[in-house]
Amino acid sequence: MSVFLQQTVNGLSLGSAYAVFAVGFTLLFGVLNVLNLAQGAVFMVGAFTGLELVRLVELPLPLAFLVAMVTAGAVSVLTQVAVFGPLERRGGHRWMGLIASLAVARLLVAIAQEVFGTQVLRYPSEPWMEASWTIAGVQIQGLQLIVLATALLVMAALAVLLRATQTGRAIRTMAFNPNVARLVGVPVQRMTLLTYFIAGALAGAAGVQLGVLYNAVSPFMGETILLKGLTVLILGGLGHVPGAALAGLLLGLTEVYSVGYLSSSFRDAVGFGLVFIILLVRPHGLFGLTTRQRA
Amino acid sequence: MSSPYQRLAALLVVGALGLGPSAAAADTVTIGLAQSITGGSPALYGIEQKNAAELAVDEANAAKLLGDRKIQLVHLDDGADRGQTVNVFQRLIGRDKVVAIIGPTLSTGAFAADPIAQKAGVPVVAASNTASGVTDIGDYIFRVSPPEDRVTPGVLKTVVDRFKVKRVAQIYGIDDQLTKSAYNTQKKALEALGVEIVATETFQRGDVEFAAQLTKIKAAQPDLIVLGSLAEESAGILRQARQLGIPKEVVFVGTQSSISSKFFELAGPAAEGLIAGTAWYIDSPEPKNQEFVKKYEARFGRKPDIYSAYGYDAASLVINAIKEAGSGDRKAVRDNLAKTKNFPGVLGPIGFDAGREPVIDPKILVASGGRFVIFK
Amino acid sequence: MSEWLASYENVVALVLLNGILGIAAYLMLIVNRFSLATGGLMAIGAYVSVLATMNFGVPFALTLVLGGVTAAVMALLLGAPVLRIEGDYFALATLAFTEIVRIIALNWESVTGGALGIVGIPTETQIWQLALALAALTAAVFAVHRSAAGRVLAAIRGDEMAAAAIGIDVARARLLTFVASGAICGVAGAFAGHLNFFIGPSDFGMIRSIDAIVYAVFGGLGGVLGPVVGALVYTVLPEMLRFSAQAREILLSLVIILAVLFMPRGLISLNLPLRRWLPRRRGQRGKLAAGQGVAAE
């Protein structure tokens, strides 16, 4: 039983980081109908920013976390301004946008490699990082709690933003229908930039979380998370924010359980198999949103 | 905005520059370096080999080892993509007319590209291919990095005997040839030793999360855990193993790739006690080694790891073979490589056996106090 | 000349091979399905044909057919349930398929050799074969475009509901296209398997599928030459940029971004007068803008 509980704890902390990443990812999709594959690279930028702030500038982790989020958000906005915005204005269609996002991701990874080298980097050793408690035969690491807590905080903040503020209402209107949004006076350009910022910040947050949890930051860490993010997106339904959060947790748990009770070699196959089966049964994801038709 | 014609023309000019014939000065000998410096985790060891080879070549040129002739090292990156490895080999052989090639980084690249070198009669010396069968491709293919089956069985026997091991767990990377072939060798050796393999877990390249696998392994209560993983992964596994409370008495054995300072950096105190078999370690008292370590660190700002050592010796061996041959004739270089015995390398006295595998003296090391020392 | 060819032989082979893959991806894109199944179907073709040559001594030409047929059957089995899924969901379902195939190949060691792959494959594939295959394929697709079947495809691309309303069996047409695309992937896989002495599971994963899409989209979806040109440029570009080892990746990504920004409808949308001499679909210009705009959703 304690093995099951242990695996559950592992799965929840992993899943909460997935959830944070996926929520940003799905927001971009839901609001702007954009499948931005550069999000994985933005995640990596956040991870490096957090790491270097702690390593070189010796900032305390909470502060580094916030700065990393802001930096990742800024990079995301930059990609919108430099690439995706102009592409859309010049008549590029969605698939071209996808290619562009792949190239942007590649560029960011290449730059990170130039600057930081290919080596995996690690956070300097601090006593609080090794802290853990054993309850009922289950080992809970301090790091896991930190990831869970920050994930909850971040998502609560997002929920407040989306549900309770004017800005949030504007964003949700855009998600509903961009032309309607324009008609009712939503500053679409500004909201677009803001959405990119939020998505980037969330990706960056997940980057710091996973970087700290596994104490490993490398230029290639974005590739794996992107694939997981896509899986979560499908499970939760494209554009469905609470769905993404739940699906993130679900994926974390599924991965851990499939390693624990099936075979570690097929971990990813289980995730993909799940996606496949769910899509066959519910072609619009678990929470059933249709692909948007833009008028 | 320029017209389409101008853009196209510019692109073609740039392209032509890239595809045109290369001009080599009359008095140079060209050695090809096929190492991955992009494309994911192979870049980690590709870069080390490249750096080390450059160091060796620069030293040789400075010391005028080949008399008045200069050695030119041409490096091409294959992006850890085996299709590109073939492109790189063809280009080095056909366009740059290299005398020999050092590399490639990945064994899969070797299987795809070495046959081309073999057919063209260009000797290849690999510094990080550890899969079995690489040298079987032909008599122009040499290897400085010992295959796992030269090192692992000895290490495991010593460990099993010393610690009276009965139950073993294995964890390895399923999708990387280095880790997979390491696993195959380890499994065979363990079975030959008659111990019980109580758990086998896998992970994939790029994974940093091992808690699920380790929880399973912990429940199986092994005396020994054998890792088929690269340095970063070994570090991650050890750290998480300690965090999950795997008992201190459990012994860990790793692969040659763990022999790097990166490993200690990433694993922290969890590194203590890891045992690995290798031909080289940074504190090795070989005279050439200490000098090499100093020079490498001075030039590249970090300590060399095992792949740097292999790369350095591979380059040194090639340069020496050229010197012995007295010319840039590929066959002569190959023959001299094959004849090499007891060449003073960073790895110690090194040479090739009849199968063109390296003749080295493997040592068993244990991680202690932040560095690897000889296991007693 | 022969020296140049020796140095770049593999590059030329890859350009031709990628052209074939690009067309396979293109065929699906023009019926509004973003398919990432290319890698998985290619893998099936590759492994089947390689095992046939190496274990059963089957002649190469026959293994090409074998690879193509096996992949086509797989496409049929996959397509029937999956093609009705729309848009991005479809893309991810096909991605899941490709990844599952890769993971099976990784684990089914006794057959595929796992991560260590299959070694020592006879290199039957020749450039003339690839060139012939690509030329034949291009001609075939061009012919289809000008035929009744081509009009059906164009109708589906233009407006699916209208097409259904006038009696076109959209689902069947799509499935047939998917099976054809699958067969092409299978044959391409068989070629790829016999090109470099070696195959492994990572050769046919997500990246392969995405690359095929890139060739098609980057090249332009206006006609069958789009994916061919796209494959040419995208394959040759990294080779041309070898003069700068350090910054090659950065340069490559920048060039692609710039190309995408300056030619947002793909490379063949460049209005070079040369186009007047190139074969294309009838009445393409007007349809091009509308077709791409709606199809892209």
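So that you can tell them apart, the chains are marked A, B and C in the order they are listed, and the count of residues begins at 1 in each.
What we mean here is this: a residue touches a chain if its C-beta (ideal position, glycine included) is under 8 Å from a C-beta of that chain, and two chains touch if they have at least 3 such contacts.
Here the structure is a predicted model, which means the values were calculated and not measured.
With contact taken as defined at the outset, subunit A and subunit B are each touched by C. Taking the CA centroid of subunit A as reference, the farthest chain centroid is that of B.
Remark: subunit B and subunit C have CA centroids separated by 35 Å (rounded to whole angstrom). Subunit A and subunit C, compared by their mean Cα positions, are separated by 30 Å.
Looking at subunit C, residues 106-107, 249 sit in touch with two or more other chains.
In subunit A, the residues touching two or more other chains are 110, 113, 265, 268. The residues of subunit B that reach two or more other chains are 37-38, 174, listed in rising order.
Contact residues of subunit C toward subunit A in the complex are 29, 34, 81-82, 84-89, 92-93, 95-97, 99-100, 103-104, 106-107, 206, 210, 213-214, 217-218, 246-247, 249-250, 252-254, 256-257, 260-261, 264-266, 292-293, 295-297. Interface of subunit A with subunit B (complex): residues 3, 6-7, 10-11, 14, 110, 113, 117-120, 122, 125, 130, 132, 134, 139, 141, 210, 214-216, 218, 220-221, 223-224, 255-256, 259-260, 263-265, 267-268. Against subunit C, the residues of subunit B that register as touching in their complex are 1, 4-5, 7-8, 14-15, 17-19, 37-38, 75-77, 79, 82-84, 86-87, 90-91, 93-95, 107-108, 111-113, 115, 131, 133, 174-177, 180-181. Across the interface of their complex, subunit B is touched by residues 3-4, 6-11, 14, 106-107, 114-117, 119-120, 123, 196-198, 200-203, 236, 238-243, 245, 248-249, 262, 270-272 of subunit C. Contacts from subunit A toward subunit C in the complex involve residues 29, 35, 83, 86-87, 90-96, 98-100, 102-104, 106-107, 109-111, 113-114, 227, 230-231, 233-234, 238, 265-266, 268-269, 272-273, 275-276, 279-280, 283-285, 291, 293-294.
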